[in-house]
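Two complexes follow with subunit A in common, the first pairing it with subunit B and the second with subunit C.
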Partner chain A sequence: MSTAAETAAQLIYPPNIKYNSALTSVKFLASCFAGAVAGILGLTNWTGFALFLVSTLFTSLCINVINCHGHPAKYIPGGWTGLLNPGTDNASTFVLVWTLFYGIVHVY
Partner chain B sequence: MSSNNAVSLYLDPQIRDWVLFPITLVMILVGILRHYVMVLLQTPPKSLPRAALREQRALTRSQVLRATSANSPIPPTYYKSISRHLSEAFDAGTYLKDGPPKEGDTPKMPPNPMTDPAAMDGMMSGMKTQMVMMVPQMVIMGWINFFFQGFVLIKLPFPLTLGFKSMLQRGIETTDMDVRWVSSLSWYFLNFFGLNGLYRLILGGDNSADSSRDMTASPFGAQAQAPGQAQDYSKLFKAEKDNLEFSEGIYSWVGEGVEDRILRRYGKI
Partner chain C sequence: MLGTVLLTFAAITVLHAAFSTYEHLSHLKAMGRPEGSLPIDIIVEALFALICGTLGASLNAPPLKEISWAAEMRKRNIDEMDSRLGFASFVNRGRNLFSGPSSQTKLK
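Entry: the complex of A and B
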């Protein structure tokens, strides 16, 4: 007997999934800019990570409103969890850019 | 806990120009280089003779048919006829590379990975991949340790425990300095993890410069190549025939009862 998950998986159209890579680029760029903002503002410790969290939430909200028209489950595999996920490696990207800008602006 | 929050070190801006940016630039360029070297090193897959190809494709056809059998888009007449035809073909061995087994033949041994040339190619390319991945990382670490040693490079904006001090402040012989002041090697590590997203943006999703893939792929890459080549297709065909019968049992067409569904939706029933 096929489970509901398999039936749902059968209805997904692969070329559209590939196009969703545009969303990963958006999330990557968002985390880069968040890192730059955190570094320039000189945020340290938990305030910096809080900014990362806020930026992730804000990005997800924008994608939700502008692209998904309020129904993330129809457009993104994984629904809300897939939308809120900041993307693989984007946390380390944030830390890298944050350290870079913090160093350039405040240390040097 | 040192009370050095107000006191901060003043670093020479030349360190920023000559160490910070060059290390990042070199790592980005080496990553891109690694990707293109991998692209050039990929040997195109050897084209199989028609009989061998037909063998593999027959298996794929039956797997594709089975994959959606519970919610199949194919009407019953077609599904059953394809399924029966494939079952009979697997049973009689018409798709086997060397023709149907004759009476009295001893069962053939699957080719040994060491002696079968096709399998060797697979293993070699796997090992080549790993070498190309590891060598640049080692070289860059050595380069950084040699040239950029013994000075503080940057201050991390977040705190770390004392345990990291030995790793991140290698070469700087102080006991009291805040762990947040780190040497160039830690900048290397930050770049190592943080540049994957950039590679994904520049080189596309499936790039070979991604260090997160090295961690997951390398232990299994070498083993996964060999078993694929040494399969005995007659056994596979027997197993596939059983699978086909099973799938035929759970087969149902998506269009089953579609007339009733439409009428119900428009309120006619």
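Entry: the complex of A and C
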């Protein structure tokens, strides 16, 4: 007999999951903008990561309202936990753009 | 289209805020004053660019598709997905094709 995990996986249609991966570009762009703003404002240390956290929450809210129309479980495999995830390597994207803008604006 | 417009506008606003900050800091360095906090309008401009950028990225994404099999089956016929060829019945067709010439042959 199939396990509960296999049964749950059989109810999902994989080509549509692949199609919905357009959301990764939304999260990537949002973390780029957050990094730019953190660098421009000269944030350092924990305040910068606080901005990243706020930006992640705001991005999740935007995706929930605009793209998922209020029902994240219908479009994202993890439900609302998949929604809150900032995305693969987007924390390092944030730090990269943060250091870039901080260096250009404040140091050079 | 609105998403692209918002993204472009946010990118320009970020660059403008970055240049304004650079100019402000250069001004402070030239005057010899110690570096204080940024003017409030630059902070507001940077945060506004972050909000616009996130909204633009979210609007730019294509409409998502639902990921469950039930949702996909609403758009398709069961015969497209599971035709069950082993159970297809050709009896009626054979009766009409090979019954020889007769005055009232109806094709079903």
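Keep in mind that, in the parts below, the second predicted complex is superposed on the first by the 105 of 108 C-alpha atoms of A that agree within 3 Å, B and C clash if a C-alpha of one lies under 4 Å from a C-alpha of the other, contacts with A are read in each partner's own complex, and residues count from 1 in each chain.
Methods note: contacts are C-beta pairs under 8 Å (C-beta built on N, C-alpha and C of every residue); 3 or more make two chains touch, one makes a residue touch a chain.
Everything quoted here is computed from the prediction, not taken from an experiment.
Asker: Superpose on subunit A as described above, then tell me if subunit B and subunit C fit or clash.
Answerer: Fit.
Asker: When the two structures are overlaid on chain A, which partner does A:48 contact: first (subunit B), second (subunit C), both, or neither?
Answerer: first
Asker: Touch test for A:87: subunit B only (first), subunit C only (second), both, or neither?
Answerer: first
Asker: Can A:25 be said to touch subunit B (first), subunit C (second), both, or neither?
Answerer: both
Asker: Which partner chains sit in contact with A:95 here, subunit B, subunit C, both or neither? Use first/second/both/neither.
Answerer: first
Asker: Mind checking the angle subunit B, subunit A, subunit C on Cα centres after superposing, to the nearest 10 degrees?
Answerer: About 90 degrees between subunit B and subunit C, seen from subunit A.
Asker: Which of the two partners, first being subunit B and second being subunit C, lies in contact with A:104: first, second, both, or neither?
Answerer: Both partners, subunit B and subunit C.
Asker: Minimum CA distance, subunit B versus subunit C, superposed model, integer angstrom?
Answerer: So the smallest C-alpha to C-alpha spacing between these two chains is 6 Å.
Asker: Go through subunit A and flag every residue that touches subunit B in one model and subunit C in the other.
Answerer: Common interface on subunit A, subunit B vs subunit C: 10, 25, 29, 32, 39, 42, 104, 106.
Asker: Contact residues on subunit A for subunit B in the complex?
Answerer: 1-2, 6-7, 10, 21, 24-25, 28-29, 31-32, 38-39, 42-45, 48-49, 87-90, 92-93, 95-100, 102-104, 106-108
Asker: Spell out the part of subunit C that touches subunit A in their complex, as residue ranges.
Answerer: Per the stated touch rule, the residues are 7, 10, 14, 17-18, 21-22, 25, 38, 42-43, 46-47, 49-51, 53-72.
Asker: Residues of subunit A touching subunit C in their complex?
Answerer: Answer in residue numbers: 10-13, 16-17, 19-20, 22-23, 25-26, 29-30, 32-34, 36-37, 39-42, 55, 58-59, 62-63, 66-68, 74-77, 101, 104-106.
Asker: Considering only the defined contacts, which subunit B positions touch subunit A in the complex?
Answerer: 8-9, 11, 13, 15-16, 20, 24, 68, 70-71, 153-159, 190-191, 193-198, 200-201, 205, 212, 250
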